[in-house]
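The next part holds the structures, each set out as structure tokens.
Both complexes shown next keep chain A, but they swap its partner, so chain B is in the first and chain C is in the second.
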Partner chain A sequence: MISRRQIVEEFRRSRAGMAGAGILAVLIAMSLYAAIAIPLESFRQWNNPNYWVDYPRSAAPSWTNVGILGPKAPQHIILSYPNDASVSRSSLNGINLVTHTYTVDFDYDSYPSDFMLPYDVKYGSTPPILQVDVSRPDGKTFRIYYFSLPPSQSTGGNEASARVFSSDPKVSENLRNYYGDFKYQQDASRPEIMIFSDLQHSAVLKGKYMFKETFYLFGNSDAVEKSGVVLGGKVYGLMGTDESRRDLAIGLLWGAPVALFIGLTVSIASVLIGLVYGVIAGYKGKRTDEGLMRINDVFYSLPTLPLLVIMSVAIGRSIFLITGFLVIFGWVGMAKISRSLALQIKNLQYVEAAKLMGQSDIRIIFKHIIPQLLPLTFASIAISVPAAILGEAGLSFVGLGDPSIPTWGQILHDANSAGAAASGVWWWVAPPGFMIAITGLAFVLIGNALDSIVNPRSKKI
Partner chain B sequence: MQGFQRFLITRSINIVIVLFSTLTLTIALLGSTMDKTLIDSINASVKEEVSQQKITFHSTDEYRKYVDVKIEQQIKSVGLDEPWYSPKRFGNTMIKVMTLDLGKSNSFTSSSGSSSVRDIILERMPNTILLFTTSTIIISAIGLYVGAFVASKAGSVWDRINSAFAVFSGSFPIWWIGMLMIFAFAFAYHIFPARSTPLTQPSDPSYIIDLLYHMLLPLITIVLVGFGSWAYFVRFFVVGILNEDYIQAKRTAGISEKKIVYSHALKNAAPPIVTVIALSLAASFGGAILSEAVFDWPGMGKLYYDAIGAFDYPIIIGVTYLLTVIFVLTVFAADIVYGYFDPRVKVG
Partner chain C sequence: MSSLLEVRDVKKYFAVKRSFRQIFRRAQNHYVKAVDGVSFSVERGKVLVIAGESGSGKTTLARIAMKAIEPDSGTIIFEGQDVTEYSGERLKHFRSRVQMVYQDPYSSLDPRMRILDIVREPLDIHDRASSKSERTDKAIRALQDVRLEPAEIASRYPHALSGGQRQRVALARALVLRPALIVADEPVSMLDVSVRAEILELMRDLKERFQISFVYITHDLSTARYIGDNIAIMYSGKIVEQGPIDDVLLDPLHPYTQALIDAISEPNPDNLHVEKKIRIKGFSSEGADEGDDDIRGGITDQITGCQFYNRCLYSMPACKAKEPALLAVKNGHSVSCFLYTQTSTVGSEERTG
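== the complex of A and B ==
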């Protein structure tokens, strides 16, 4: 047997093992980042379409937009109060004016696909008025909206909460006043184009745009709760978005802790169960061994996926249940290995001596045999992680994953249902599978490196 | 052959136990749900029957009573008045599953328009078997050759590339590789169709050719992901044998290295290769089933995927059972081959 220090030292020398440890460190960093920096709400609301309305549909990652390969597609821009707004207040004849100003640096080669201005105002009796002015890089200012806000349908009379869309006829009506500024025919029914057009010729006017949203509040306790600017674009974020507008970067990040949880819980539980089971069979021998190994044989020849499917269909799909199901099939291999090793160890002199001293079987198994197998146990845990991760991913892929959380397998399920691969949405297909593969790979590399250190048989070849 | 016979018997008992316990588990888990869907379908059919008979009722109460009595009779005649776990029902259900007599599917039909579960599943089964036997044969041929090749050059660059490839492809979900292949060869380059269900009718004589063309992309994917680990196992065992004394003796006797590797060593490495390969085949079985769903290949895996999406229990149960049978038989066959080759089993 080798000491712990020797194992660490040899592991450090294994290049594959260190590569695996490096990948694992990145995954842990991702999980920590997700837990600390990403709002937990995005994890809970992953499958709620309302949470993602501000995001673009099937937008490519923004780094594909380098501008060298061709025209620079417009970035999807989401600005909201209070983070991105500069707020100013004034008062006019007893009316409170609150102005939220958003600055957009627009230097793309094509127009935004649309825009929305979400708002939410609480008021006493008179509905507030919203006035929206857009000042353009060339110094012109277009007043695109000036209207009293309708009371919200859902929350009752005292709140106006909705959004102004670029397709709103009131916006077009206001924009018609500026036809004279353009040297050519403009179309006010496409505000997203007219607002961002050059006055001289039909092209995008690049530069800084300011969206000034002024709320006229008629009551003293009236307050603006929410405002913002959403400019529809073709690219968004680090990893793009899917067809239901979800930000894939967030889904991929949340997938890391989930995969690590499933992989490690399942492999630790099943390896420990298999270890104890196998050692008992090997140590006891005779009838016990025969019986236990028959049961083991049965489990060995059960087809995992179909039975996992049946169990999640019938029992449930929560992440903890899935973890349990995977353990049911996970312990079998370790039981076989630890049994054969226990057969060797039980004939060693010190075990025989312990037996002669009258120590109980349980004490011998847990005190003298299992500690000898611990290094191998660690290697086996690492090696059996990928199977657990692939098992959960496969289950999620057929649509039986936990519906309340994002996992990589579920992202791929959604991508497959939407035909993402055949329609070229590669950013929806490639990254989640890559994450599954790389996570599995990390544990395989670590496990193989550990195994070749602690398992003398695999060292030889 | 005494030992081999005993081995055969224990293995056979094992597969019977496996099939029996799978069935029991399936029925125990889905029994009540199945009963509910059966009663629902009886309700619907009785109501339809009554409305077609054009009996005039004086009140809605009378109509309801009439229908209730009819439903009751039907439920009794099918035996649904007893719970699913009563011994009679349990045995009946088991026989029904084994003969795939699972009634009608709610959301699927076979190409001839039948909605009987047996027709639907049996229509898909040949496609699954076609795809997986073809890919298994190709994988084993490539795997044996590549494995023996790198074994003869153990420690070389080829050897290391092969090991790395095996580790990589082993941790990749095969269905994901399938999606990437569709992106590459159906979207970026239009070489293969994105959906593997042929558009020609099965009665058309050109159907077979069309089917084989549609099979190419899934086949290439399964082979690509599969052969790496086979080659790795073959190499592992062949290298072990190449170090044995009798091989050294053959070398000194002047037999060519090629003949030693591909004939003598490979033959002696066969028993462990067969078992390990069968087990790895069994392990990749689930993934291969899922790749049918990715490629839209008209086999049982695709049916399974769709049935789960539609919560069509009769189909789910039927396909689970058949997949289990195929899986268990594969493992069993591998066991037998192993036992036949391995002298230790013969001795008992």
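== the complex of A and C ==
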């Protein structure tokens, strides 16, 4: 019989096992990072399009934009108050002026696709006026907006909360005043091009741009709640975005704790159920054994995937229900293994000794038989995690997973239904697939390492 | 005085698995008669030795007496109560009064439990009245009773102990409930010769101190006389000779007993090279009938008459025709052999000759 310390020592010596443990550590770190550093709102609002409006549509990961392989595509830039704004206040004839200045270092080879200036101002009676000036690297300043803000429709009369879009006709109207500065024909209906163009020839003017947003507030209690600059780009973030503008880095990060939760819950629950079930069958023997194992056979012969599909359609699709469904089919194999081992162990003399001592059957099972099977149990748990994760991913992929939660399978499902693979949005398809594979690999490596320690006969030569 | 344990006419047959061909041909079911109509009794504070060769049914008999397996027929009477059909709480009480010590101290202790927990386990089951610390104290005292140093070994695991120490732990575990009877199944046969005497001496001491009765099962008559008060010799599921140990060993009547005594190793080194004559025939000797393979395989239900017929040096036609009954020859000394019922002088003359 192998002791716990021996198992740990042998495991440390196994290179594959340590590699698996390393991957698992990374996954756990990802989960912790997601839980601590990323706002939980991004998890809850994963399927709410309004939450993601500031993000670009189908933007590639920004690390693909090194500029060696071709022109440097513009980065998607999101700047917002108060983090990125420098604020100044002044007063003019009893009117409060609040100025938020955003600096953009623009050194890309093509123009932004569009821009937005979100704002949110609370006011008493008179709507505030917003004035937007853009200072260009060549010293020119374009006033692109000067207008009274319309009251917000959703929140009533006392709040102006909306966005100025680059397609706003008021913007192009203002820009027409600067046609004379350009040595060539400009088009004010495309402000995102005109603002970022060189005066001499038709090209991008690289350098520092300053967006100065000045709010004229007419009441003393008026306040600017929100402001910002969003420059539409072609690349964004670590992992890019999908067609619904969702940041895939956040989705992938949230996928880690969800996958670990499903994998570990399903495998621990099904292995423990199988263990106790099999040991009871093996130890009790005779009719109990026969009855329990025939029930086991019934479960063993059920086709798993079709029934999972039927159950998630008929009963429900929440993540906890799916966990339960996977357990229903997961315990069967362990029950067979633990039964055959219980048959051996129950004939050992110390088990008979305990019986002749008057020990009850249930205590013999939990005190004398199951402790002998614990190392095997841990190995089995590790080995059965990938099946659970794949089971959930498969269900999600066919569209029967929990739709309210970002799981890797769910992301793959969305990518598939948007035809991402065909349209070349590889960053939507490959990373979640890779994460599923690497998580499975981690547990397979750990499980095999444990298994070869627990069952030395299965060791490779 | 009534006896502590009385076993009356117990039988246990094990069916031999039939091959498909045998089932197809509707061949007769064969049985191994592991225990075939055995009766014995154990007095309070006495040691009964059950001796016999491997496969003679001694361990099965002990397991029946312990109620580890159910006999096919017969009754077991313990402390005046018929315990044969006991179950539930009454069986649990019986279990607290009778304890077992196994042959192999390496497999009779749970390798994942500490020594103290092993010894305390019977108390945890039966002694619910005491607190945990009281039970621990009792377990420590039991370890001292078997001359182990509790401070040294109580928190160790069995694999850290020697065979002799483990067998003492097994004894302590049997002893801790102060049972009326301990059944010891070849408790010293797997130990070094040097440790055997210590364990036997310890058992004798425990018997004296706590008035515990023992059933001591062995194939080794040399240890039997050291500890035993009475002895029963088993052959092929039956008791062939029974009586006070000195009577039986010093004046063996049954030919099988005589052969067993012949087989005791010679303690005197001067006699090391003297060839000893053991009065028994091998299985393959002349006179063995067809069906010999079955007999060698332990399947003896086809044999009529005396089970020892094929190996006995004194076999007569009568032995094959009928089975001899276990009859008293002297005071308390009984034997099942026709030598002593038909012509009682023949056997003893040949035996001494």
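Going forward, the second predicted complex is superposed on the first by the 457 of 461 C-alpha atoms of A that agree within 3 Å, B and C clash if a C-alpha of one lies under 4 Å from a C-alpha of the other, contacts with A are read in each partner's own complex, and residues count from 1 in each chain.
The rule we apply is simple: a residue touches a chain if its C-beta (ideal position, glycine included) is under 8 Å from a C-beta of that chain, and two chains touch if they have at least 3 such contacts.
Model, not experiment: these values are computed from the prediction.
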So, after the overlay on chain A, do chain B and chain C clash or fit? They fit
For A:Gly401, is the partner it touches chain B (first), chain C (second), both, or none of the two (neither)?
neither
If you stack the two complexes on chain A, which partner ends up touching A:Asp297: first (chain B), second (chain C), both, or neither?
first
Determine, under the contact definition given at the top, whether A:Tyr350 touches first (chain B), second (chain C), both, or neither.
second
Report for A:His368: first if it touches chain B alone, second if chain C alone, otherwise both or neither.
second
Chain C versus chain B, contacts on chain A by residue:
B
Vertex chain A angle, Cα centres of chain C and chain B, expressed to the nearest 10 degrees
60
Who does A:Pro61 touch here: chain B (first), chain C (second), both, or neither?
neither
Give one of first, second, both or neither to describe whether A:Pro127 is in contact with chain B, with chain C, with both, or with none.
neither
Working from the superposed arrangement, determine the closest approach of chain B to chain C, counting only CA atoms, in whole Å.
6
Doubly contacted chain A residues - partners chain C and chain B:
none
Would you tell me which residues of chain A are touching chain B in their complex?
294, 297-298, 300-307, 309-311, 313-315, 386-387, 390, 393-394, 397-400, 412, 415-417, 419-424, 426, 429-430, 432-433, 436-437, 440-441, 444-445, 448, 461
Touching residues (chain side chain C, partner chain A) in the complex
66-68, 91-92, 95-96, 98-100, 102, 104, 107-112, 121-122, 125-126, 159, 170, 173
Partner chain C, residues of chain A touching it in the complex:
1, 348-350, 352-360, 367-368, 371-372
Per the contact definition, I'd like the list of chain B residues that touch chain A in the complex.
14-15, 17-18, 21-22, 25-26, 29-30, 33, 167-168, 170-173, 175-177, 179-180, 182-183, 186-188, 194-195, 236, 239-240, 282-283, 285-287, 289-290, 293-294, 304-305, 308-309, 311, 313, 316-317, 319-320, 323-324, 327-328, 331-332
